[in-house]
Amino acid sequence: MRSIGRYVWLAGGIAGVVLAGATTLAQSDRWYPSRWGADDQRGAANRLTPAKVLEATKLITQGTVYQLGRVYEAGMPMFGTRHYSLRIPKAFDMGGKNQGVYHDEVISGELGQIGTQFDGLGHVGIGELFYNGNRMDDFAKPEGLTKLGIENVGAIVTRGVLIDVARFKGVAQLPPTYEITAADLKGALQKQGTTIRPGDVVLVHTGWGALWMTDNAKFIASNPGIGVGAAQMLVDAEVVVVGSDNWGVEVFPNPDASLAAPVHQLFLARNGIYLHENLDTAALARDGIYEFAYVFAPLRLRGATGSPGNPLAIR
Amino acid sequence: MRSIGRYVWLAGGIAGVVLAGATTLAQSDRWYPSRWGADDQRGAANRLTPAKVLEATKLITQGTVYQLGRVYEAGMPMFGTRHYSLRIPKAFDMGGKNQGVYHDEVISGELGQIGTQFDGLGHVGIGELFYNGNRMDDFAKPEGLTKLGIENVGAIVTRGVLIDVARFKGVAQLPPTYEITAADLKGALQKQGTTIRPGDVVLVHTGWGALWMTDNAKFIASNPGIGVGAAQMLVDAEVVVVGSDNWGVEVFPNPDASLAAPVHQLFLARNGIYLHENLDTAALARDGIYEFAYVFAPLRLRGATGSPGNPLAIR
Amino acid sequence: MRSIGRYVWLAGGIAGVVLAGATTLAQSDRWYPSRWGADDQRGAANRLTPAKVLEATKLITQGTVYQLGRVYEAGMPMFGTRHYSLRIPKAFDMGGKNQGVYHDEVISGELGQIGTQFDGLGHVGIGELFYNGNRMDDFAKPEGLTKLGIENVGAIVTRGVLIDVARFKGVAQLPPTYEITAADLKGALQKQGTTIRPGDVVLVHTGWGALWMTDNAKFIASNPGIGVGAAQMLVDAEVVVVGSDNWGVEVFPNPDASLAAPVHQLFLARNGIYLHENLDTAALARDGIYEFAYVFAPLRLRGATGSPGNPLAIR
Amino acid sequence: MRSIGRYVWLAGGIAGVVLAGATTLAQSDRWYPSRWGADDQRGAANRLTPAKVLEATKLITQGTVYQLGRVYEAGMPMFGTRHYSLRIPKAFDMGGKNQGVYHDEVISGELGQIGTQFDGLGHVGIGELFYNGNRMDDFAKPEGLTKLGIENVGAIVTRGVLIDVARFKGVAQLPPTYEITAADLKGALQKQGTTIRPGDVVLVHTGWGALWMTDNAKFIASNPGIGVGAAQMLVDAEVVVVGSDNWGVEVFPNPDASLAAPVHQLFLARNGIYLHENLDTAALARDGIYEFAYVFAPLRLRGATGSPGNPLAIR
């Protein structure tokens, strides 16, 4: 098959990976069953509690709502051969003496994995193993995932924290392949005077989002983002979701050319932590809003790997 | 063309409507420009304010979150030839010594007008005229609406009110074609001890939602819902959104067999008020939750007539 | 996942098949490499030659063309959750003083496997093994099959033979689960005075096609068709394609309740013979046309498992 | 709406076309009803007869089949926001002791108007008027054209003629915006020693097809093709289909910057002659095959404006 616009996940030339060996490698450190039990399908969403809802609610003092979701439209940056199509058919005539007419729209695309997207636990695996040790062939069925589908996540209403790493580094936008370290996160949090608490959603502002629809080629070619060290710090902090204003959340390509999306694996497969990609965090950063109520409810698409959406930060 | 599963909007046999006469009829009562100006595209969303956000926030005292959105899945009830398809492609191999693999999903359908759906101002018109007097041919383009698209709505965070009309009438489910009157709404509100305020979202519980995925044929054949009188009462109350646990919000078919979706026209075209259809209000009704924070942000689908979603009621 | 409209391939209750054992079973009789070499991707299409084109051409004496393809439309019978959707968007305005406007259509569906469909060699396998011993994981990739794709087949211009088994059995339509035997095929051929030659396309008329769009539920619930014995006779006759006026070509369900689509496996995987399903053979049968030039060129959909189309029988 | 990848049909800046005036202009020369009657939906396909089938058959003397259809694949050149997507879902398990498994594919796109495409009579109009004076609003419905749909065309088996204009001009490829004249067609026919007869299909070789998948940007930016004069010559010759190895058949942009696709209008709307675009005529030209049997049967997509396909030239 002709290779067209194929996304290169690796900076280097690792090829010929033998998936058959996945089990051995992946099981070597016994990362499953999950801390929420061998049958759990919700991962870190289990950290969401009424108390976190109330903690988030207390942050709403101004009544200001920030939309963090991008517009879905033709021409937005996408990987490889993914697509997004929207068409308005001719109007339907309902008739009646009141002359009823209506429009609808037909849409197609990889809707859980384009534009602003929320990655579910069935998205990324380690060889044939996914969150809680679920084997690909056991749950990934053609008509939808029979486990780990996005419909299991439920509503996310909790405290949100923005970490403005660009500001901490004194730039509007981090360099293209900059790997954000744990020290960067700690430094930025300290500068902001913000702390992270269990059950939080953490958004990392890199400034990369300014390229969205202004320089799509640069936007998609790479992105600054968190590395494995920073990610482990967030795992240890027991967060629920990590989001960013880029397409990968984690740095792409990874500085270690032999690794493909290791932070996705660390978050999704090993720790049940969700990713929220292509967020628009510019207004929050501009206004210096580092704590807020984060509200997002994935579309309940049975058996999907992710969800589009328009998450909110409320103050 | 063979007529397959074509939805009959009219109970009777009105045919041969001459759209060319639409302007005359529709303009007879001068319902445009809108009260928010001739260029407005957001309608009743203009009633949303920081004060309404704070009013809603004060209702959150328990930290309980109700998901009002239905699951999107094969087999859910839909009109006519609309469709919904989700498929999980074979896994993509990212390679790397960490054996990265991922799934995504390809989805197609009339996504703004299937399942739980939020109707935007470009959805229903009166002949060739839509909200604010916009003419169909001027804004309804094949690649998306150039005005009144759902991306203009923004986030909806406001006080929500549930009116349990089924409970008021002493039934679990209203009869198939029952027209809810203004008196019903007033009676139910009085019984509940609830009032409606400007800028609210109003959800009407009819019990019809119990048929979802249990008796789809009955669910879609008709539905109890508000009539024009009840709708006018809600217009006068200056609400933002009216939702229900059925597919039409308004009664279908209309008791006046010559009318097709008159409440959609009254709300969307004449008053800029949104509809939210196929909500799951059962848990709210069961728990007797009549006031809550309603949070919903339409997917920002440029030029779309509506949005899928999972709106929340928070207490 | 809720089980909706799931097609039951088996008449009985065989479950828990362990695919891991596939290799052993499938390899027991060493049906690969193929007779056309270990690298071949075209199977029985290799039997097509200029001589067969000329043989077919000689049958064209009247200039009559029969369209064997069904109309693709909403409401046509389909399996399970497969779909077909066609919408005409609003017209596009090209402008110009000549007032250019155009329509197009947006279509989605499992296009190689709905309606009149031509099954390619990547469609059905035996456990993880497909034609020529190709392993599923080696060639079935998310963006298309990297081997055995329908684009490899090429044009089919050859002698076609209709075997009217319904007429042979003295009925307009064979019973719902009737298994056509080798004796039936031989008897019908003898009655017709027709012979089968290597490189032919064979179409089996069962009368089942009369149910298309007239009783879709009955049409799809089962179908009379050839059994393994009749299929083996066609294999031995060295044909290229076997088609029929039903959805399965072979009898469904198989009289042996423990077998799922054994003729598909015999034809596609073991012998590289193609299937052509949901053909409209009524006019050929009515006119007693048992020999003709068969012309079909699959859509060259890179990496697809099959192709829609409108094959022709010319006399 | 952001203008992304919008195709510019006009070389100049004509804007603000008032469609309301279309009727007057389009009717000024009374080009309808058609010569085949006011109810005709097949146009020049009415010229296809058994005699033309036999005439074509006589040209088959070698048994050589040329596939004229391109491969449909990700990355092929397309206009504006049209798309083509193919995905192979995970394999479906049919079970059985014979371990049945199958693949299918989910495809979406503007299938009648991408890749190798056959333009039907509902594709291009003059203002609001299409072939036989059909008004857009009368037949172009959201679920499909109710008149002029591609399912009306039927099979095309007739004499085909290749006119190698590139060879006549002594080049491998005509210049990007070269307008082929009637004199060019006549000169090339004379050089080839070929004549055109009523009921023929005419293919024009420009050499532009060599850019397909090798320089898509150049391919789609313009193309050499026939002008109005050459087109009128083919109208007068009473052909059925005019095809070419480029995306427009006619020259794009038109040398008269105020005209948008005038040849499409002349062929489709005024004369019921079909266009066949993006053909691969390279092998025919290379082999000097100027007469052949042309066989093509549009996919019977009810209500579609065009059809994909793989037309054949047989010698």
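All chains are identified by letter, namely A, B, C and D, in their written order; residue positions are counted from 1 within each chain.
One rule holds for everything that comes next: a residue touches a chain if its C-beta (ideal position, glycine included) is under 8 Å from a C-beta of that chain, and two chains touch if they have at least 3 such contacts.
The shown structure was predicted, so the numbers you read here are calculated from the model rather than taken from an experiment.
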{"item": "Between chain B and chain D, the fewest steps along chains that touch one another", "value": "1"}
{"item": "Same or different residue numbers at the chain A/chain C copy interface, by half rule", "value": "same"}
{"item": "Separation of chain A from chain B, taking each centre as the mean of its C-alpha atoms, in whole Å", "value": "28"}
{"item": "Whole-Å gap separating chain A and chain D, where each centre is the average of the chain's CA atoms", "value": "44"}
{"item": "Junction residues of chain A - those touching two or more other chains", "value": "1-2, 19, 73-74, 81, 85, 87-91, 106, 108-109, 140-144, 302-303"}
{"item": "Chain-level touch network, classified as line, ring, star, complete or other", "value": "complete"}
{"item": "Contact footprint of chain A on chain B as seen in their complex", "value": "9-10, 14-15, 17, 19, 22, 25-26, 49-54, 57, 60-65, 67, 69-74, 82, 86-88, 91, 93-113, 122-128, 136, 140-145, 151, 154-155, 157, 258-262, 264-265, 295, 297-306, 308-312, 314"}
{"item": "Residue ranges of chain A in contact with chain C within the complex", "value": "1-2, 19, 80-81, 85, 87-90, 106, 108, 137, 141, 143-144, 146, 149, 302-303"}
{"item": "Chain A-facing residues of chain D, complex", "value": "1-2, 4-5, 73-75, 81, 83, 85, 89-92, 108-109, 140-143, 213"}
